[in-house]
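The structures considered in this document are given below.
Shared between the two complexes below is chain A, which has chain B as its partner in the first and chain C in the second.
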Partner chain A sequence: MINLFGYRLSWAQLAWFGHRASGLGVLLFLFLHIVETSTVLLGPEVYDFTQTFYQNLPAKLGEVLLMAALVYHALNGLRVIAMDFWPSLTVYYRPLTYGVIAATIISMVPLGIIMTRGYLPWG
Partner chain B sequence: MTTLRRPRVIYTNPSRAARPKPEASGTERFWWYFMRLSGLALVILALGHMFIMHVLVVLTGDEINFAFVQSRWGSPFWRIYDFALLVLAFLHGVNGARVVIGDYVNHRTARSLILGVLLVISGIWLVAGMAIIIFFDPSTQSVAGPLS
Partner chain C sequence: MDVQLRIRRFNPEADTEPHWEEYAVEAEPTDRVLDLLHQVKWYQDGTLTFRRSCAHGVCGSDAMLINGQNRLACEYLVKDAGTSITVEAIRGMTIVKDLLVDMEPFWDSYKQVMPFLVNDEIPADGKERRQSQADRERYEDTSRCILCAACTTSCPVFWSDQSYVGPAAIVNAHRFIVDSRDTAKEERLEIMADPDGVWRCRTTFNCVEACPRDIKITKAILEVTQEIGKAGIR
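Moving on to the complex of A and B:
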């Protein structure tokens, strides 16, 4: 149990909420991504100009957030799928959920460093 | 679109923290399986896409621009890859949004209206997305677009 702003939340609730929020966030980006990619039909000038929207630090941080959302959603989704098809795994839901959260954080360290390369103030 | 009321999963199945498999066979159970099978495919397709575009491109000192898309979509493999990613991620994500709306909007008319709008907008967007991948011509050199 976690105490958040006076609400008592279980890890299961938090994992579920994170899955929902990350899924909706990635979907929102997918809608924008289709609009932005459509400029490729308008030729190199327009497309290369659109891509400059991504070439700054705030956008790179947004990409890191998108990556974190997708990595968490994918790992937690695999946990859900595994438990759906092998119900006996439900016994291990707690260590599996901790594992998903830990693996997301750990994998985001190198990913975050690579994805912001050349855009951070210190190089 | 469904009119079924679903219990919020979190209260009925706290240990899995996901939607339980619908008891009756039919559309709802089809989508339940679809979420899981498309999810498995998306592990490769979506994470692979992010890894190529945001890790490999950086590590190889490449840059995503028109020329990059030209060479990438010059290959049928990547075109089919991106097409599969687009369609699966879109159907998976929009069906997920449909489930979320069903969980929170209880008023029947409001729910039908919101789901209808979601369906129409999603249809237009998905067709547009597929059209981009199908109609892009990698041999175009420098066609001046209407905005340039």
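Moving on to the complex of A and C:
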């Protein structure tokens, strides 16, 4: 049993926590992206140099994580919106939550392979 | 069977912070956690303080944080709780002593939603206000609330800010908002549309999992938000 703030962590609560964490993570990347893109104002050499920061495996894995955050945040957001429009759906909150988590994992398998193919043995 | 009972205790006259104390108690698998608390209070330490009244899941006075989740001590059996059990006071409330909390803020939120039928009109037949079975069905679920506060004190939003009206008050507002005989719907919806009202729900479903009456609380909360939308309240 996992506790968060001393209270048993349910999948629905984890989904909410994940929604916040993924949203903040994506926002953080947005700021990073603005800074990185704005280096173009300092000339093409500086911009090209900043782009080299992304050309390595840890940065690529970070991008995969970013994609996972985006996919999860979008799917979970749709779940929350659907419940807002049709409150009767809340009765199925457990399968819906499991569905969002499963769909995120399943989507990330091909996406992860495509994004990291340059680093894979057959890439 | 032997059960290790850990209770988070607090005596305002002697302690500055709550602390854990352990008790070894003998129990049957079909005993309730409330029976264990009785054993401690009656035979080991008479200073243990907790609230309970009917002890049969009706009055809702013994909601506690047991094994990390809000439950009624009188409904939770040892066979389900295991041989190592932790008991704490419900969250977000001021602890008066041990497992006893000050429920006044909870009652204030409850009173705020006017939990009573408002209708000063004379019934059509002069005797009673009739409604269809379908209209009665609309508040069947939310009329079963026993005001134990297990839902409100399981809510992370309430933990962080006690000005949030909380799931229990919303459930009781819903019970009258969808009642076809009531005439104060607009007034209740105005209260629910307050920044500390229904919009603060983050659909974590802790309330639904904690409710000892299995009330579909989040469904009721979202139905109230829809009623606010339909009434055009901003």
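Please note the rule applied: the second predicted complex is superposed on the first by the 112 of 123 C-alpha atoms of A that agree within 3 Å, B and C clash if a C-alpha of one lies under 4 Å from a C-alpha of the other, contacts with A are read in each partner's own complex, and residues count from 1 in each chain.
As a working rule, a residue touches a chain if its C-beta (ideal position, glycine included) is under 8 Å from a C-beta of that chain, and two chains touch if they have at least 3 such contacts.
This is a predicted model, so every value here is computed, not measured.
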{"item": "First (chain B), second (chain C), both or neither touched by A:6", "value": "second"}
{"item": "First (chain B), second (chain C), both or neither touched by A:63", "value": "first"}
{"item": "Chain B versus chain C as contact partner of A:119, first or second or both or neither", "value": "neither"}
{"item": "Chain B versus chain C as contact partner of A:90, first or second or both or neither", "value": "both"}
{"item": "Contact residues common to both interfaces of chain A (with chain B and with chain C)", "value": "10, 12-13, 16, 80, 83-84, 90, 93"}
{"item": "Of all residues in chain A, those that touch chain B in their complex", "value": "10, 12-13, 15-16, 19-20, 23-24, 26-27, 30-31, 34, 37-48, 51, 54, 63, 66-67, 70-71, 74, 77-78, 80-81, 83-85, 90, 93, 97, 111, 114-115, 117"}
{"item": "Complex interface listing, chain A residues touching chain C", "value": "1, 3, 5-8, 10, 12-13, 16, 80, 83-84, 87-88, 90-91, 93"}
{"item": "Residue ranges of chain B in contact with chain A within the complex", "value": "9-10, 14-18, 21, 36, 39-40, 42-43, 46-47, 50, 54-55, 58-59, 64-67, 69, 86, 89-90, 93-94, 96-97, 100, 125, 128-129, 132, 135-136, 140, 142-148"}
{"item": "Interface residues, chain C side, partner chain A - complex", "value": "65, 67-69, 88, 91, 154, 156, 159, 202-206, 208-209, 216, 218-220, 222-223, 225-226"}
